[in-house]
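Chain IDs A, B, C and D follow the sequence of writing; residue 1 opens each chain.
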Amino acid sequence: MTDDAHNSQPDDSPELRQLYQGFADQSLIPLWTQLGDLMPEHPKPKAIPYVWRWADLLPLAEASGRLVPVGRGGERRAIGLANPGLAPHAYISPTLWCAIQYLGPRETAPEHRHAQNAFRFVVEGEGVWTVVDGDPVRMSRGDLLLTPGWRFHGHQNTLEAPMAWIDGLDIPFSQQMDVGFFEFGADEVSTRETPILSRSERLWAHPGLRPLSSLESSVSSPLAAFRWQHTDRALTEQLDLEKEGYPGTFDPGHAAIRFVNPSNGGDVMPTIRCEFHRLRAGGQTENRQEVGSTVFQVFNGRGVAIIDGVSHSLETGDLFTIPSWVPWSLQAETQFDLFRFSDAPIMERLGFMRQDVVKE
Amino acid sequence: MTDDAHNSQPDDSPELRQLYQGFADQSLIPLWTQLGDLMPEHPKPKAIPYVWRWADLLPLAEASGRLVPVGRGGERRAIGLANPGLAPHAYISPTLWCAIQYLGPRETAPEHRHAQNAFRFVVEGEGVWTVVDGDPVRMSRGDLLLTPGWRFHGHQNTLEAPMAWIDGLDIPFSQQMDVGFFEFGADEVSTRETPILSRSERLWAHPGLRPLSSLESSVSSPLAAFRWQHTDRALTEQLDLEKEGYPGTFDPGHAAIRFVNPSNGGDVMPTIRCEFHRLRAGGQTENRQEVGSTVFQVFNGRGVAIIDGVSHSLETGDLFTIPSWVPWSLQAETQFDLFRFSDAPIMERLGFMRQDVVKE
Amino acid sequence: MTDDAHNSQPDDSPELRQLYQGFADQSLIPLWTQLGDLMPEHPKPKAIPYVWRWADLLPLAEASGRLVPVGRGGERRAIGLANPGLAPHAYISPTLWCAIQYLGPRETAPEHRHAQNAFRFVVEGEGVWTVVDGDPVRMSRGDLLLTPGWRFHGHQNTLEAPMAWIDGLDIPFSQQMDVGFFEFGADEVSTRETPILSRSERLWAHPGLRPLSSLESSVSSPLAAFRWQHTDRALTEQLDLEKEGYPGTFDPGHAAIRFVNPSNGGDVMPTIRCEFHRLRAGGQTENRQEVGSTVFQVFNGRGVAIIDGVSHSLETGDLFTIPSWVPWSLQAETQFDLFRFSDAPIMERLGFMRQDVVKE
Amino acid sequence: MTDDAHNSQPDDSPELRQLYQGFADQSLIPLWTQLGDLMPEHPKPKAIPYVWRWADLLPLAEASGRLVPVGRGGERRAIGLANPGLAPHAYISPTLWCAIQYLGPRETAPEHRHAQNAFRFVVEGEGVWTVVDGDPVRMSRGDLLLTPGWRFHGHQNTLEAPMAWIDGLDIPFSQQMDVGFFEFGADEVSTRETPILSRSERLWAHPGLRPLSSLESSVSSPLAAFRWQHTDRALTEQLDLEKEGYPGTFDPGHAAIRFVNPSNGGDVMPTIRCEFHRLRAGGQTENRQEVGSTVFQVFNGRGVAIIDGVSHSLETGDLFTIPSWVPWSLQAETQFDLFRFSDAPIMERLGFMRQDVVKE
């Protein structure tokens, strides 16, 4: 709706003022004074497109490692990426929370559980195991690790070197919609085992196979870890197939996979979609806009994100967010690998998804 | 999480202040300073339980009818029930918007459409037709009328008497999640026909039958009107069956129906659940708490709502809202009829629903 | 596959005969001797199109009423329509069983239950109640009554006049696929009540409403009776809408409804689809072919069925079956009302459905 | 139903004979003369439990290789396992067809497609590629290869040695239900490429990942090959987890996986379920009965199948079938590996599945 259309207000008068006072007395607010804000012509997010540089984040995480203990109460040494448009909240978007988490040498983050869905994605480092409902899950570069709602989880660093990674959760959605529950667990992780593969992978990470002991569709993925070697290979194969003349890539020169719940082929968690994208050097995506908000982290390579017409040069570790309905495209200088997560399952499950290719 | 648990913060120091300044400079906010707020032990809504009296609402709506024109721009003479805990927003809950809408004699509200899902429920009056994508839908006492997302709709009052009703929409959800689209339609309603039954009812309001021309499951109900005669009869039958010794009621003395999408038996719209409840005189419900927010309007009779331990006497037309996880029960002095709507489909589709019976 | 293509067999020789004897000794049959039969170019049903005349059926049913008792053991005085192509089986098609059932004055058919799904459709008469799991369901002209698998059921005739109706079951499917279970119940019906409406209708026959006490999707319809008044009205409205210029009919001049499970909008039972079709006088359908078999009964009016190019004149009560992939169309001399049932849910759920409009 | 219960027939008389003649004249068959056969107390399959020995099958297949050409018309050198209870049909069960197929050195089986769903399972050998809609799929020991309905497929043997494997199809179901379509394709396979991995695996065989270019749920699995290395590892992990004290096996000492459609986690094809079972040496399963028919092939090891109380000693390659509702259990002398397929998806999708553990 244009601003003009919303400027037609009733003429001021003592009676109108009395009416408005009556509204205020009775906890009422008329629609006609705020329609344009309540019902815009298209999504007008308060969140803004924004880029965080890994080169800025990591030193601050390291400083936190020195100054801030991790333990019961604070629970996690996690530093949230706060979208400036959503101040004073630590929200990267209206639905998503994203943080860099840092665990010093030999440190442990105690166990707890919450209704919020969470994942971790590792852009560098190794040595940490996250223990999810008693199952120790190794965290290594390129891996996606899930902690769906209401699973106890804690982390331990088994090495003398610190490790940092990113966390993604649906905290803003949960907080605004009043759906959160939280419970403390053990002060230490419940197992110190450090297997290469979690039990969830030993049961579920076999392509096209499921254990006969677990035949129901589950709300969230029973597979807790998605390993870089599989992701990398899937993307490589798509680009190879394209070179050989077969379908497989998402767009020309643009390979992409979605991480899915192997019990039903749907999203890994009911509120968060996770994907991985790879562009050939020199490639670029179409200029798209979608309902819902998204976050990318560069995993490898160099390129440019053009968001709402503004170009941002990107390097490994850089994170950026794109609010709802803001047009964006990617350009690759080198082979360009990006991890992506979004709130698309919320939009799709509630019937609000729209997407469009924007012509210049 | 207890407050104490959240009081363990790092010791103040110049280095810590420098770190926090670094966070601020880089649009970062640490988790450990706000965990209790971000991840409470259970939902801690800002919204509060609140009751609006029909005896207060209606005169203000009538005064608006005199002072505020309805037409292009303002679009609707709708007065939103604003939860005091959510000020300055006109939200009755974090997801739901609820208003009393008022149309004067012979007035017309112009057509528009929006991604937001809407319904109207009529507690008194008659004479208005809402035109939904060209289908004129009569609005009479006790009827539930749907305007699912992105359908053009306008209203016309065909009588010399004014009419008021309540509107329910998912505006707060849409606004916070950035999913709204809006488009103006015709300045007048696109048809002046005033049939007893809408075309949607002529196709879909036959129990257990669907037209062979429309076999897909649709996101929202293709049936646009749910008539009081059917609702009343369904509730009467449940109580009669109970008297005869058969199952049918929801709780003893408590009949209840859900309004559903006849194409799939699910909720009428993807974000809003609509129900009707009837208690026998003297009856009462269990004390329940549920994730998600809800609104009731008394349609008939007298009774009491006990919300979070506080009793509220209620009469016809009174509206009240119950935020997420707040315990509530109802007691009936007379036969007690209540219309209810809620955001339960959001909670269920996203895996957040929990419900519990609270023992005193 | 053409016959020629299948005539290429290995040259006869003593070694080949010895090989074939070896096959026989080891319970083996080679594919190459019978491929054309096993895997035809398109469905080549043994069942044939066939018409049974009500004028022939009813007198035989009446004679049975005099000569054949109904009671424990025989269970039902039901006379199956046996497709001549499927002799010696009493199958109307490879999946469906259809019979005329006859109950004399004041007679009772004892209770039993079976895994097979059943319905009754009433082309004339009244006075019988079928008792389904203790719920007495009135049977009157034009009504469709369900007995989904494993529900106890018996019938009683409350009048001094006999009554006949048709039964439809998935007996041939069950028998060939080895899925049948059967259990005797009470020798008399478990209730002699004769209410106008069954309890299933009192709970479920309210358009767009479902009881809050029953929110799950059920395998078969919880609504046991679909009344003629609703069916007739739904068809009338579709033709009226067409006259007014609105969508609603299935084809021009051809109104049609599907009977559905109100808990999910799908077919009333997992193996049997039920529909009702009405053609305007002078109207005709397209010439269609579909995978799966179907049965029609003329309910009212006169017309012609053209099946595989052969015309059959039809009157009230006449029944006809169309095997898989056989082209058919209907022509109406008067307004022409037909009840239809088929095995389409089997075909759709197992991915075998195909349908086509056949141009002459 | 007991036989006695069904012996109560009307008394013979001239009138009854006339009535029965009338039935015959009008293509009618009364229910009361055949109820026990049509509606048994529980499934009474004509199919019988039966064992085929690999030691018998393979020489006959080899003899066929010498005497019977493979080519257009006969299409395949496949020898069907014909259940003696279902003579004269080449059905292993009422729904399933199972054959040993044999391809001589350098031979090719021409391309065709059919509505019937098919798979191949390889108990020994290598060197054949099956080409499915142009995608060459290697066939090696332990692999399961799919050819869902209506995909063109042919086979070529690239080696100087012959190869044999088993085929499983839903031919009996398709033939009896009249759902089959067939079309000839190229006389030669459409590609002579012999890659280690098919294109379907390169796109889909990555655990928990799906290509973004293919997001819909498909009727049958888009993954055409399930490799032995994955199956073996999944079974090994289950038994290891059991040893470590964690859940994972289906029964104690009994590991099992289901082959699934990675687009939705359901069965690989709409009519056929495929599984792999492994028992520890000395282990045994419970004695179960299920609705529907099944076929096992021993892949490795020695053991015993006890079917309806009769013990059958089994070795590698042996095949056996268990009809509907017949109790069975397995005992392992050595580690005992078995491939299994069944019609369970038919039973489940149509609401007929029942299963029970039978106590001795």
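As a working rule, contacts are C-beta pairs under 8 Å (C-beta built on N, C-alpha and C of every residue); 3 or more make two chains touch, one makes a residue touch a chain.
Owing to the predicted nature of the structure, the values given are computational and were not obtained by experimental measurement.
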Co-neighbours of chain A and chain D resolve to none
Between the Cα centroids of chain A and chain B the separation in whole angstrom comes to 30
Per the C-alpha centroid definition, the whole-Å distance linking chain B and chain C comes out as 43
Per the C-alpha centroid definition, the whole-Å distance linking chain B and chain D comes out as 52
Residues of chain D that touch two or more other chains sit at none
Touching pairs of chains in this structure are A-B, A-D, B-C, C-D
Touching chain A in the complex, chain B uses residues 1, 5-10, 13, 15-16, 19, 22-23, 26-32, 34-35, 37-45, 47, 50, 52, 56-57, 60, 63-64, 66-69, 71-84, 88-90, 94-95, 97, 99, 114-117, 149, 171, 173-184, 219-220, 270-271, 291-293, 323-325, 343, 345-347, 349-352, 354
As the complex stands, chain B meets chain C at residues 199, 201-213, 215, 217, 221, 223, 226, 230-231, 233-234, 237-238, 240-241, 246-250, 256-265, 268, 275
